[in-house]
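The structure under discussion appears below in the form of structure tokens.
Labels for the chains are A, B and C, by order of writing; each one numbers its residues from 1.
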Amino acid sequence: MSARVELREVTKRFGAVEAVAGVSLEIAAGEFLTLLGPSGCGKTTLLRLLAGFEAPTSGTIWLGGQDVTPLPPYRRPVNQVFQSYALFPHLTVGENVAFGLRMQRVPAAEVKERVRQALELVSLTGLDARPPDQLSGGQKQRVALARAVVCRPQVLLLDEPLSAIDAKLRHAMQLELKRLQRQIGITFVFVTHDQEEALTMSDRIALVNRGRIEQVGSPPEIYNRPATAFAADFIGQANLLPARLVAGEAGGARVRLEGGLELRLPAGAWPEGVAEALVSIRPEKVHVAKSKSRARSKFPEDQTNTFEARIEEEVFKGATDHLRLATTAGTRLAAVVANESALGEVFHEGDRVFCGLHADDLVVLRLG
Amino acid sequence: MNTPTLSRCLLGAVLALSAPAAVRAAGVLNLFGWSEYVPQTVIDAFTKETGIKVNFETYSSNEELISKLVAGGGRYDLVQPSDYAAEVMIRQKLLAPLDATKLGHRKNLLPEFQKRPHDPEDKYTVPYMSGTVGIVVNTEKVKTAVKSYREVFQPAFKNRIVVLNDNREIVTWALYTLGLPINKIPKENLAKVRPIIAEWVKLVKVFDSDSPKTALLNGDVDLGVVWSGEAAILWNQHKKFQYTIPAEGAHQYIDVLAIPTGAKNQAEAHQFINFILRPEVSKMISAAFPYTNPNGAARKLLTAAELANPASYPKGGKIETFRDIGKTAADIDRLVTDLKSAK
Amino acid sequence: MSGVESAGGARRAPGWRAWALLAPLLAWLLLFIVIPTGILFVYSFCERDELGRVVYTFTGESYARVFDPIYLRIFGWSVGYAALTTAICIVVGFPVAYQIGRARDPWRHRLLLLMMVPFWTSFLIRTYAWITILKQEGLLNAVWQALVPGHGPLDLLYTPTAVMIGLVYAYLPFMILPIYGSVEKLDPALIEAAHDLGAGQLRVFSAVIIPLTLPGIAAGTLLVFVPSIAMFAITDLMGGARVPLIGNVIQNQFMQARDWPFGAALGMVFMALFAVVYWVLGRWREREEAAG
């Protein structure tokens, strides 16, 4: 029922602009894959190429093992949920949902039943006689979804479907979509610029930047081991610290950060033949303690870089504290600590603290 | 506006509006005439000589003239009705009697154009130009002789004929072919001509009273029944256009000049009429519009070529003028409309 | 309470300023439409004398004549011509309006301008231009005979075909502009959605594009159908005045036939016909909007 999707060396040029540059991607059948990236990165173009609204300048597109590159949208076993919903204003909700089935010349009785099921699936039972302009944003979204899903496509494309919905409803709908996908098992290709959304919903994320895919992986993979500076910065927060190689040691490398702090990196962490790079560490992975003994109890010595710092700024955010740390030498870091319990430590501006960075939490990224 | 100018304006207005006593040095004439009938050169010459400014408006049918006169009379000083229209207008007292003492050149007119039935005492009108309605043939396209209405309306000429868009004219020609009178038309005569006109209408390509020569010049039609003036212009363009008076009989019209009752510039109007009656001026009119000139003195000044134009000066034939036919006009209109729209 | 009291105590009802702005339009409507229509209405019940002047005696005779089969037939022809003109205008005008509506700037504005330019010339001159093109020795025949030698010239002028050409040409922009307005408002995402759901080119047209541009088509129909019934200049000039349409008949009554009461009666019946058409179309649209 659902299909595997493949893009092979797909390029799309609009005039002089290369919106998609030599992209190759494999999406497994039944997978929930998100194309994530900033505005203008080409993710929507990729989606439109899959749908058939654009034809690639070069490269091929395969669905379920078939080359669908020359096929127009109405011949592909693909359906799309549009960002603006694109509900037909001259048809009722029921007629909208039935549209695709009518185009397939499904018999009327079957149409009626399948429409009812689709509306039930998206929790809109009973609204089939309503005209679209009387629906709320969330309801319209669900009608658009029902309309696409009822056609039983092999792949469902979703173009930022939740971007126009307010925050609270959006969270609920994210989970609902995820549940739905699990339930009906269709391959979902989801486009968004919201990294939190991507992390919540996806089986895998493809990070798109300037027409290229920078990294593909599961949310934890992308989060913990970003492959590029863009990846590290786009998802979550990251300290991107410019570092210079000081010396290659037997078990690894020693690098110096701006402001003088030196770190030891494990073997293989620093790329060969490179003098300067970025060291990335997520703020929540910066361990902070008020006393040295406390710090030592947390961190095993041989795998951790420890250093002293002063809290320059502290922002209380309820469940977490956001700290800006500065070493005596001037290296600056952002850290996030959880306010675990009344027994936990309380941090204030101006405190002297001991910090630790675990080797496995450090990611070295090439410059540029 | 300062006082001297204002009072001068007022004075001028008062003088202009006061009763026509002597000839004025600067006046106005509101002329309402047929389109394509009074040459601009004549009007300009008149203004140059007398200083009278001429406001010239036009119409293209007698009915339009009467409609406008009846609707808003006294604006016009001089009008140009056809004979039968003048007859009705005289009867309805729409025309003012002319002052014969001001029309010294009247004696130039040929006797056959004087004392006509529409104005037996020549009290209200002066003939301007005359003409006939007859057959014009493009002899390059039509090799047979066409000298009667019957010969025009033949199946062989289907879709190659132009006729006037004038319901009374068409009925008149049909009446002529049956030898019936054209000025007393009882209902049974209309019934008799009905089938004839029904046939004719199917053969006609263009109905045009404004400029029937256009279709002939364009080559869209090969022959037709049109105003003699149009045929004369065609002849001047190319001798292949031959004009004949139909054998069964033809309609002659005399267009006249007359002054509407209550006209404000009657003196100027008389001046204009007298001006037109001068032979050299009348000759100018003939040069521009080669109709039949009723002015004998003017005819003497015309060239041989002009006099030879068969449309301007046709030889022989039975010709009659129209008389007013009152309410029958409505029946005629209805009949022809009916036949035209029956397809 | 018709207005809201403002701080100064003055009522803010549709104030005198609004009426002052509307006054010229209302005066124009009154002077040039309401009063003349009233006059015609009075005339339609009058008689005429031998000179064609209106005699104020009440008679329904003119109205009786209107329903004479001759004139009903002419009405029928006029409506038929108008309907055919409207149909052709829709068929020809829709693709043009669609292309213009979907074109990108600056082309869209250029195309609109190109379409409007003929309007800057007098309608009568444009009609005469067509005569120059269609006549036997005209442009069209020159091209035709150059392309297909041996064939006679095309006999186009003074035929019903010429009349149709003239009518369609005159009214086409009135069909294109409203449809263009509708097309412009069409969300391109809807067309993509239709394609995505399996509709091929043709079905997108019938299932999405036409229903959504129907308001434009309806407006265009009103702008073309109704005025073209009364058009008389084109039948006279390009049709050789062979088939009198209702406009010709009415014009005739006021000119040659000098039967103003009859002309007025014809005009009144005509206006009643329009009123009925507008009302019917209006109700249809209301019903569409309520249901859709």
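Here is the rule we use: a residue touches a chain if its C-beta (ideal position, glycine included) is under 8 Å from a C-beta of that chain, and two chains touch if they have at least 3 such contacts.
All figures in this text were calculated on a predicted structure; none of them were measured in a lab.
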(request) Counting C-beta pairs in contact, pick out the pair of chains that comes out on top. (result) B-C
(request) Average the C-alpha coordinates of each chain, average all protein C-alpha coordinates together, and give the chain whose average is closest to the overall one. (result) C
(message) Using C-alpha centres only, name the chain that sits farthest from chain A.
(response) B
(request) Let me have the rounded angstrom distance from the C-alpha centre of chain B over to the C-alpha centre of chain C, please. (result) 37
(request) Calculate how many whole Å lie between the centre of chain A and the centre of chain B, each centre taken as the average of the chain's C-alpha atoms. (result) 92
(message) Report the inter-centroid distance (CA atoms only) between chain A and chain C in whole Å.
(response) 58
(request) For chain A, write out the residues touching at least two other chains, lowest number first. (result) none
(request) Enumerate the residues of chain C that touch no fewer than two other chains. (result) none
(request) Can you check the complex and tell me which residues of chain B touch chain C? (result) 61, 63-64, 66-67, 70, 88-89, 92, 94, 159, 162, 165-167, 201, 204-208, 215, 218-220, 324, 326-327, 329-330, 333-334, 337-338, 340-343
(message) Applying the document's contact rule, which stretches of chain C touch chain B when the two form their complex?
(response) 50-53, 68, 70, 73-74, 77, 135-138, 155, 157-158, 236, 240-244, 249, 252, 254-259
(message) Taking the touch rule as given, give the residues of chain C at its contact with chain A in the complex, in rising order.
(response) 187, 189-190, 192-200, 203, 207-208, 211-212, 292
(request) Mind listing the chain A positions that touch chain C in their complex? (result) 51-53, 72-74, 78-80, 82, 84, 86, 88-90, 99-100, 102-104, 131, 147-148, 151
